[in-house]
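Chains: A, B, C and D, in written order; residue numbering restarts at 1 for each.
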Amino acid sequence: MVIVLKNTASQQQVEELISRLERSSVKTNLVQGVHSNIIGLIGDTVHIDIEAILANECVESVQRVQEPYKNANRKFHPDNTVLDICSRQIGGSKTQVIAGPCSVESEKQLMETAIACKQAGATMLRGGAFKPRTSPYSFQGLREEGIALLLKAKKETGLPIVTEIMSLAHIDMFADVDVIQVGARNMQNFELLKALGRCDKPILLKRGLSSTLEELLMSVEYIMSEGNSKVILCERGIRTFEPMTRNTLDISAVALLKHRSHLPVVVDPSHATGIVKLVEPMSLAAVAAGCDGLEIEVHCDPKNALSDGSQQLTPQAFTQVMKKIKALAEFMGKPVDDVG
Amino acid sequence: MVIVLKNTASQQQVEELISRLERSSVKTNLVQGVHSNIIGLIGDTVHIDIEAILANECVESVQRVQEPYKNANRKFHPDNTVLDICSRQIGGSKTQVIAGPCSVESEKQLMETAIACKQAGATMLRGGAFKPRTSPYSFQGLREEGIALLLKAKKETGLPIVTEIMSLAHIDMFADVDVIQVGARNMQNFELLKALGRCDKPILLKRGLSSTLEELLMSVEYIMSEGNSKVILCERGIRTFEPMTRNTLDISAVALLKHRSHLPVVVDPSHATGIVKLVEPMSLAAVAAGCDGLEIEVHCDPKNALSDGSQQLTPQAFTQVMKKIKALAEFMGKPVDDVG
Amino acid sequence: MVIVLKNTASQQQVEELISRLERSSVKTNLVQGVHSNIIGLIGDTVHIDIEAILANECVESVQRVQEPYKNANRKFHPDNTVLDICSRQIGGSKTQVIAGPCSVESEKQLMETAIACKQAGATMLRGGAFKPRTSPYSFQGLREEGIALLLKAKKETGLPIVTEIMSLAHIDMFADVDVIQVGARNMQNFELLKALGRCDKPILLKRGLSSTLEELLMSVEYIMSEGNSKVILCERGIRTFEPMTRNTLDISAVALLKHRSHLPVVVDPSHATGIVKLVEPMSLAAVAAGCDGLEIEVHCDPKNALSDGSQQLTPQAFTQVMKKIKALAEFMGKPVDDVG
Amino acid sequence: MVIVLKNTASQQQVEELISRLERSSVKTNLVQGVHSNIIGLIGDTVHIDIEAILANECVESVQRVQEPYKNANRKFHPDNTVLDICSRQIGGSKTQVIAGPCSVESEKQLMETAIACKQAGATMLRGGAFKPRTSPYSFQGLREEGIALLLKAKKETGLPIVTEIMSLAHIDMFADVDVIQVGARNMQNFELLKALGRCDKPILLKRGLSSTLEELLMSVEYIMSEGNSKVILCERGIRTFEPMTRNTLDISAVALLKHRSHLPVVVDPSHATGIVKLVEPMSLAAVAAGCDGLEIEVHCDPKNALSDGSQQLTPQAFTQVMKKIKALAEFMGKPVDDVG
């Protein structure tokens, strides 16, 4: 950590600051410049509060040198984390494709869609039982019943289940779910993250709508510091001023997260764009950029979907997209898992 | 609602769409243009799912004409909502100033700060017991003990208490709190909002870091549609690319929210900027723009604060700022409440 | 175009508005709803000024139905535009790779870099003679001398030259350049665009730092409406709040621009990320998403570069990246042009 | 400037880097930490190229400690710059109000508007002769004729003239203009800025649509380093994801620019919001935040305006707004200049 001092800083102010800092068990190193002096902090600065340092009148700015995240940091864990989800390995040499409807709407809708996804080559099944909707007048999900239907679909197809949690009050309902998803709007629901940190289940954590990658990795830290190291990162688009797409897929996030962290990274092209015809090119771009998996929305009848109809592929369209994804993943050396 | 049709739309597709729409109890009106045709929907379209319409192949785009929020909409409730909080009226002819520390850290710190705020003219006391921090290694708040201290400070000073909730699991601890605050990161924690909608307490709802004003008003709808109409809106800065400030205060939000909604609007200049020296000019700007209140962070010893030290005013500084706020609020015709 | 009327609109106001609109040679169609009425405009609305309509007291909002751009619109020109640049075809069945230094710094630097780019398989040579730098104290380019060196490099390597123009006052110096580039900061330098619209040369137009795709296509309209239809679109990253990258590559822009427009689309992964190690994954993502070309910065000695050292590949690194680009482009069915 | 080294940096790499840096006439100071080492640079680093340092393999990141702008920096010029424009002083103890139409459309329109602005208390006259429009099909301004009309209006009303330049090719036409405005889209048109730096006329420089404040001050540096120190800064809203306003007025920019720089700061509430009814509250907010002036669009007949009709006030509305601006400016201790 580097503290830049104001050029009006008095010697007494600087000495007071240094002695306060050294009480926090870091060493300090004063470098005197022409226009301003700086203090370099040596030691573990993760617990140092930047804001408190900034509250000193003699301080102009503070800059962190080390990343504030540890558990997810590749520097301290050079090897990829590979998670096993019902024998699908994510984060290693295979690409996983999580497909399924935005919302679980009925047994018929879910089964029809799940079977089609399986046939097209999906390796896991997604489906929303609890639905975070902007409007309270929109469909809110089948809730507990939705989870029961997902488990039924798992029995039928063999596909492990990925579904979103919206409140720690519901955590018991997720006992048989294979991957618990945390949505973008809950990326900084810290009480929920802590509770999930005490589970022994993979958590798929989506980047918030306007979260930085560092914030995403700090939210991972909430989960991992409680003991659960099974975390999957998900890029699902960020909010920008571009109105043509629902969000803007930050494709560089894939490569950066793989570089900064050892955790698996998946991409959700459906939410990232909100446009059916962009799902194929964005899926291919994500595979080319090195992702470990994709999460794609598929619905047996999008026109009558109760949520996100415009971004869900029909089974026919998904089958076509899967062919291209499979071929490209193979070409890139990380083939789609064959769970036939 | 206006549906723009593709110029490749077949008559059959359009007829199917129209008959599907009319089953949702809205009337349709087909307008034929030169390059494309549009369908105007007449009736209550709040329950119509735009995404499902977009899933029809013949549809190019859908545009909402009416606001999707009802309860907070000034069109349907022309008069200002004025809330009474322990005899302070917010939303009416007085300006309220909520002041206090970012976090409750100890009895000494809270009492000293609360008394100073009262003396300077603050009309309510804020203080964080549950703290949403980006890092799990940062101070997380005194939690239940923090609320107990706030209630003690209320007893001592007579100032009503405003404090943040982070999880619906904690709702019982807030029984004696005067105003429950929902932070920016929980603005779309819909399960929490629904639970607060079943309380009979004022809710101060902060705009999310990258939320639009319409999304803020839709989150209000979650609270109000459950029966609680005591909602205070709070602008606290949005995320932009400008690095000099922590966030960017969207000052036009004050005037827009007052225009679109009948609810009280407060501004938090401390979080909006993260910089002590900007608190005064931003407070004055907010008062000039017509806000109903301010929420300002004050700490008896910012250099040793456990959170947000750089944006908390000392009692001395707050006293100076309050003098200017009082004078300007008086000038603008909405004086700071005198709760002597 | 759809005009939404306020529900307080008087009949007289509406009639006045309609008669004013009909004087602009469009037809109007009034649709009466429950809460508000709308007017649909039928005809060519490209010349209608939305702002003037909004100035009518009875108008709540105006929404455009048709795209405001014509010349670049695929609706009116379904086939891809394929440009020929010294026998390289861009926009068709080949991928072009434009490589070279950020700035032309000296004959030695340019020749060494150009020859290395050629050997690695680049199909065109880029190099900045006029450099738009944030600071006036940074290297501003060799200007006219830089163009002379580029032409020398073209002679030496046979690679066509792509270089940036910063002012219409310099246009004569670009007489022998093969592709004139307009940088992000000049995307809305309309006087420059009009002047380039009167040239008979391909223009590579970069998207502005915070421009929407529609604005990019409207800037194209400035060039094309003056008679020059040889335009290449370039996605080079947009400004977001994410600090880890210089900009955020909007990869969905590639697919959207190919869908909305018939013009060739290239991607600049160097400026989009500002990070050498992201150039490879972003290049591959762009190829997978369907781009027609890449523009990549290469420098024979990045550590001593006079600009953008951190994003320029060494010739060795570029050679490795080119191998992967070639293989993927071949796989995607749009091989890198072989100009051997 | 602080250079953070990778923990994999070899001693040889670090020594090479240090000797390269010391050739640039700065001193270096190596601080060895636990996880990483840093190099502090002492001396004038304005000419050091951060990108070139980042190109060294041993470097992890580089952080600037000093501001890169000098001429506009209040640190080196503590007193306010006060400019005299035909006896109106801007930057000192008076508030200036620049009012007038978006575009000069005709003699009648301009004279009628100018006289009304004068009567309401405006102290300078604005009007666009060259109009940067997103679409080439929109009104492009009367150009040279527009300037002639403005000069006529100056003769008639005595109000000094503020008008926008779009190209350095037009600079001679601005010989009699009092203040040359550079629009947001040209904030980084560096060739134009350099040319204006060689003029002896006040330049009103608008912040770019997504420019940071540091970039704005660096663009000022282009003008001032060429010799022209008469620069006025203008905040006119930045691009965000909020769709209700045309841009988002960054009100904290006013206080920050006054703090960082000694130059006058004006606010344009018309472009910042695009909404007539927000002009009053945003003008008042800007005055309360400490601005030196306002630039407000007024048109004698907005419904028939050829540009930006929706954000131009009628003379009647402007007269009402001016009353409030005058009263507030007086209250804030910086009264609107009385140029009667």
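To be clear about the criterion, contacts are C-beta pairs under 8 Å (C-beta built on N, C-alpha and C of every residue); 3 or more make two chains touch, one makes a residue touch a chain.
Keep in mind that this is a model prediction, so the values were computed, not measured.
Colleague: Looking only at residue numbers at the subunit A/subunit D interface, is the share used by both copies over half or under half? Answer same or different.
Modeller: same
Colleague: Could you work out which chain's C-alpha centre is the most distant one from the centre of subunit B?
Modeller: For subunit B, the chain whose C-alpha mean is farthest off is C.
Colleague: At what distance in angstrom does the C-alpha mean of subunit D lie from that of subunit A?
Modeller: Once rounded, the distance between the two centres reads 39 Å.
Colleague: So the centre of each chain is just the mean of its C-alpha atoms; given that, what is the distance between subunit C and subunit D in Å?
Modeller: Chain centroid spacing, subunit C to subunit D, equals 26 Å.
Colleague: What whole-Å value do you get for the distance between subunit A and subunit C if each is reduced to the mean of its CA atoms?
Modeller: That pair's centroid distance is 31 Å.
Colleague: Could you pull out the residues of subunit A that touch at least 2 other chains?
Modeller: Answer for subunit A, listing residues that touch two or more other chains: 210, 239-241, 243.
Colleague: Which stretch or stretches of subunit D touch subunit B in the complex?
Modeller: Residues in contact with subunit B: 210, 212-214, 238, 240-245, 248-256, 259, 272-273, 277-278, 281-282, 284-290, 327-328, 331.
Colleague: Which positions of subunit B touch subunit A when the two form their complex?
Modeller: Listed in rising order, the residues of subunit B that touch subunit A are 20, 46-47, 49-56, 68, 130, 132-139, 166-170, 185-186, 188-192, 194, 209-210, 215, 218, 221-222, 225-226, 239, 276, 302-312.
Colleague: Mind listing the subunit B positions that touch subunit C in their complex?
Modeller: Touch residues, subunit B against subunit C: 2, 4, 7, 29, 31-36, 38, 40-44, 61, 63, 65-66, 75, 239-241, 243.
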